[in-house]
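Structures follow.
Consider the two complexes below, in which chain A is the common component and chain B and chain C are the respective partners.
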Partner chain A sequence: MHSLIVNLGPRVRWRRILRRVPPIFWALMLMLLLSVPLLAVYSRAGGMSWAFISNMLERSVTLAIVAVGQTFVILVGSVDLSVAFVISLAAVLASFIMQGDPSMIAVAVPLILLGGALIGVVNGVLVTRLNVNPLIATLGTGLIIQGVLNTSFQNFAGSVPREYQQLAYGRLLGLPAPIFLLAALVALASFVLVRTRFGAHLYAVGGNKEAARLAGIRTTRVIMLAHAIAGLLAAAAGLFLVSRLGSGAPWVGPDGIYDLESIAAVVVGGALLAGGRGGVFGTLAGVLILGFIDSLFNQLGIDPYLKQVLRGAIIIAAVAVYSIRSREEVA
Partner chain B sequence: MGMAGTAIGAEPTLSLRNISKRYGAVQALTSVSVDFFRGRVHGLVGENGAGKSTLMKVLTGAVAPDEGDCMMDGRQIVMNHPREAQAHGISIVHQELNLFPHRTIAENIFAGRELVVGGRLQIQAMWTRTAEILRRLEIDLDPDTLVGGLSVASQQMIEIARSVAFDVSVLIFDEPTATLAEDDCRVLFSLIRKLRASGLVIIYISHRMAEIFDLCDEVTVIKDGRKALSTPTADVDPEQLVSAMIGRRLEEYYPPRKGVLGHAKPTLTINGGFGQNLSSINLELRGGEITGVFGLKGSGRSELAYALWGSPGFREGAVKLDGRPLTLTNARQAMRAGIGFVPEDRKNEGLALEHAIRKNFLLAKCVLTGWLGVPDPAGARATQAIFDRVAFAPTDLEAPASSLSGGNQQKVVLSKWLLVDAQILILAEPTRGVDIGAKATIYGLLRKLADEGRAILVLSSELPEVLGISDRVLVMRDGTLVAEFPPDAAEADVLLEAGGKLHA
Partner chain C sequence: MSIISTKSGTLPKRFLRLRAIEPIYFILIAIVAAMVLSNPIYLDYGPMMQLLRRSSPLMVLAVGQLFVIVSGGFDLAVGSLITFLILICALLLNGNPELAYFAIALCVLVGLMSGAVNGLIVSFWKVPSIIATLGMLLILRGGGLYMSGGSARGNLPDTFRALGRDSVFGFPVSLIVVIVFGAVAWLILHRTSFGRQLYMVGSNPRAATLSGVNVAGIRIAAFMFSGLSAAIAATLLSGFSGVSTSAGDGYELQAISAAVLGGAVLLGGRGSVFPVIAGALALHALFTLLNIWGFPKPMRDVVQGLIIICAVAYSARRK
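Entry: the complex of A and B
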């Protein structure tokens, strides 16, 4: 009996790992592969290259950070529309507090991250304790943040020091630093989701809230924590964005459509909006697909509006494929 | 331990002493005492509303009794929350499954009780434990399978596995076979026998006599909130048990019948109707007659009601109205054919709860005629006439339907169909959640409507009601109509037919 389990071990583990690779990842790989000949023929700036990929990755980092946070809330069946405004807030506050002074980095970063998490907690309270629909609750907090920002800051407020910009433009082992940042974040988030009790509870609450409650899971706390993480990572995304831009302005978040794009990325990555299914690697693949379309179309010199049309089509197609697949599962 | 399975005089593992519970004006339980023993299956039977579910809620900590004690192994235990019951090793397999469809079997079994060492989930250990549990219960499934893809029967197995995976000494099954096919029932029963052999107290709630005699060592009958009978199953026969279950008849509430009218219009006939959970339905509804359909949960009773309302309609079979073929594939067609539907789930399907009473009342007419429902004096008079007929006197027609009592809500639903003069009325559980006075009014009204020449079908899981009001009683089981009884049939005969034969 015992030997049976030992024999099963590696096979099971391998299958488990394979299962964790989201199907959308293969779609991304296929797109990359297909674009090689396309770029070789039509590109304005040389064919597919390491530089192309690294450029695409780098440009996707801000969205990826937000989208990882968004994954947590969507997994519990909630959603966070305030992220774009939290990004603005973080970016503006960072440049305002730092004012080009490197010694203020250590003050600004923890403060802003804490602020983001607190906004997330407020969202969580609205959703769980006051039973406000998450779309409305988070849109509301977002608009409040935007209002406060717009009355206090009309334009770029201060700037971040050069040292801080190393976050976005530095290089490590010959690679852009943001790529390491992204890899670390994805690894950590994936660990939390797959390997911790909190992660298991997150999936449980999103999959069947009533059953989770009956199983003794404190659903309110799980939802609040998910919102806190989304707020924290939105602030982190703002901190990263300001390191790229050099200075923050109230419109940087909404201009990047980080709220809707992050939701789109999570959903393209295979998560259910109702909660209970999804993962960080799927979200990463979703972000990269959106980023890849951007980079590819830029390289090919295609009309930017057509790009928008294609992005919309891809989001719809992805969700349609998922819903057809899951219907088959049930049948 | 050795005497646990045999000795009658042994100490009970779990015992309820003089449990009483009152909900508002309703005395749900009156001084009920039951003893449960290790290694035995204890059946709990009773009609709908007899107090079974309240007793179960007391056992699982979902409600606290007003009086009485729970004793476990001779010590008093207090359970004010389901978690406390779980801590005492009392677990329940609910009728509706509480699983996580997108998670694996292992993740489901350990949900809320994950194995964690140093902050890390022990995925491999949980997999191994799950495999052991599944093997012990002889469930042939891989712990990594996603639960959402399993059949209902397998999902129920997983639910049971979840209950017994941790220290459990009392396992309650709440009508577990209601949604299972016969083969799956057999598998379930052998699993329950295995659990019994392992020394658990098993409490088995069911309506089906066949199962009780097949499976249970002891049986307790709850009637009108009291213990009517508690005995080893070997000492009773099904007839005795059923007669102990049957509640008082509310004769005075049921209106007198007018006798057979012959075959009047309208008639709705269904020949060889097949559909979801329905097979070989042959049914004739005649004008001037109330036809009753009695069926237990899962018998196809609800599905039949929806099929007659066209949502979804029968997949196969011929539907005829007054001898002419009728297509019945959506609710609009049913309405146009003059069918009115009073659904089981009044609050969600019968009414737009937050809309005004007037809007609810006019709804069917608006749908049928495209009329916008602007009030006009003639309409107001017609409204008054219909409300008079159903003995409904609303204080404010603009108040939301949710402000009405259950009985008055049901009168609004019925009035809606009277306004469009529906000649065929399909009523599913028409008196559920309705107080006794309103029940009598509804029964009287149905009789009056039938006397005016309407064809009425009442589908219900309350046998006294079906027998009391119908001109003929059809019994439904396993998705088909299995027998017809006259209204003066003995409740016991009908109940035995509805519960199915012994399949031992």
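Entry: the complex of A and C
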């Protein structure tokens, strides 16, 4: 397959690469272009600029991290609704453990990432071993995390050291550090999906679970691992968010609507909710579109409550655009 | 399967009849007993009625949710719909007693409309109901806050609150509402062809379509019924709750937990009205019990999460 591509001429190869770019990317480009005149007229802060784009990218990083994790579970035909609460948990624990002490960074980060992965494994066990519908299972674990978190913490807990905030506010080669973080994550996730055996298994299980099982793939393990990755990346998103905020509170995850927005981003990026189709670049485009709309609303000075209404409508519409063609009945 | 049936065949008939009773009634009795043991005040008529009055919004909501669950979906928008209605009515009435009945009618209308929109999105746009109704939750929450300017404004006249607050001969009006609503729901669900079609849609939508059932119409009607229940729950809740931006918070998941406790099977096809009402009462009593035992309020979420997961895992195991 790959050797075939190499043997073709350079022009055909380019066309192949271009075809790999999800169509949604072109939609994003078009939206950016169209917003230039709109912002020039109505913006409160001086129209379209590099600052606008870089700001939009930075704000999208948290959502992008969760959404990449969500891509893995949606690819196997599952879903994770507990991510918003895992983000809260990670953010609160990070600032609570660190308490402004830089030496605790090395303790808190691996611990929290491991915790996120463990929650993902619990979700995976519920989905695969106990056959609980993934929407309900992860809704349930989310509720449990929320309850435990709200019982233990009522407000912002502790704070992260200034060194840790470099993760969100530092600069590298004149660019904001989070952009490099985002690029590295997308490259790694895309490598896993496209170039590794595990990636191929993900698509196979999502496409047809029974066929994958008959072909000798351990479907249970693949689904479990996908959930573990989603949990891990949700925790990572919480770790990034807390470096932006300086301190974590139990509501930072749900307030960001990361559960719904991550699902919407993945679906907008061309993935099927039933599994088997989708990819990291599509998800990234989905995240950027949502982030772009958000930045646009901010620039236009739209009321925050009205913004919430529009967000709800956009999420429904975004999922609908892709699900409307499905002939299957949904629950 | 065959082992169980031969086994139960040898059991005395009285035990078999006991098994036919929904387990929720035993759970309810156990929770109420624990409550009375922890605090004997609940044996008195007044506190007992107060408990029933406070659980009446949840009972109505759970019955509405049951219709959606039987049809195979979820309605996560009801909590924010309640908040929306209370905020809007307080803003609109601002203590004016004459318009109360108009406002209640408006609530019913908005509830039905919001349900219809949910149903349309789910059946024609094929958006999974959890996602569609979570989106609707955002829309209603944002909409309510937008119209009231971010905080609760205005107030509700006593005429509006009467359904949830007044008593007739010492018997709470809200309980009469629950009984009437429950009876109507029971008739619709168990004695009409619409009810039978609802179960068909929930257990096998494909088969229902092939046998000529208007699946989309049935689904939309189920969501509208849930919206109606939210409107009624909002007026009942206003009897004892203040006008606040968090009035209906958490009610959507409580309604689902109550329905599940009452034996409704998530993702469709099974469930019945009276056990679900008992489930709502049991959940409310359980929360009261947790309160008596000194558990902090957020522990309720943990309990609900466990109920939902365990119930679904249990019914998945039985399949």
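Rule of thumb we're sticking to: the second predicted complex is superposed on the first by the 285 of 331 C-alpha atoms of A that agree within 3 Å, B and C clash if a C-alpha of one lies under 4 Å from a C-alpha of the other, contacts with A are read in each partner's own complex, and residues count from 1 in each chain.
What we mean here is this: a residue touches a chain if its C-beta (ideal position, glycine included) is under 8 Å from a C-beta of that chain, and two chains touch if they have at least 3 such contacts.
Note that the structure is predicted; figures quoted are calculated from it, not measured.
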Inset, instruction - May I ask you to decide whether A:Q146 touches chain B, chain C, both, or neither, giving the answer as first, second, both or neither? - result: second
Inset, instruction - Scan A:Y305 for contacts with chain B and chain C and give back first, second, both or neither. - result: second
Inset, instruction - Using the superposition on chain A described above, determine whether A:L272 touches chain B (first), chain C (second), both, or neither. - result: first
Inset, instruction - May I ask you to decide whether A:I316 touches chain B, chain C, both, or neither, giving the answer as first, second, both or neither? - result: second
Legend entry - Contacts of A:L225 with chain B and chain C, given as first, second, both or neither: neither
Legend entry - Which of chain B and chain C A:I179 touches, first, second, both or neither: neither
Inset, instruction - Classify the contacts of A:V76 with the two partner chains as first (chain B alone), second (chain C alone), both, or neither. - result: neither
Inset, instruction - Check the contacts made with chain A and report whether chain B or chain C touches more of its residues. - result: C
Inset, instruction - Would you tell me the residues on chain A in contact with chain B in one complex that are also in contact with chain C in the other? - result: 329-330
Legend entry - chain C contact footprint on chain A (complex, rising order): 81, 126, 130-133, 135-137, 139-144, 146-151, 257, 259-260, 263, 273, 303, 305-313, 315-316, 319-320, 323-324, 326, 328-331
Legend entry - In the complex with chain A, residue positions of chain B that touch it: 82-83, 86, 98-103, 107, 110-114, 116, 119-121, 123-124, 127-128, 131, 135, 144, 146, 148-149
Inset, instruction - Under the touch definition given earlier, write down the residues of chain A that touch chain B in their complex. - result: 1, 5, 8-9, 12-13, 15-16, 19, 194-197, 199-201, 203-204, 207-208, 210-212, 214-217, 272, 276-277, 329-330
Inset, instruction - Provide the residue numbers of chain C that touch chain A in the complex, in ascending order. - result: 72-74, 121-122, 124-132, 134-139, 141-143, 145-146, 150, 205-206, 209, 215, 253, 266-268, 296-306, 308-309, 312-313, 316-317, 319
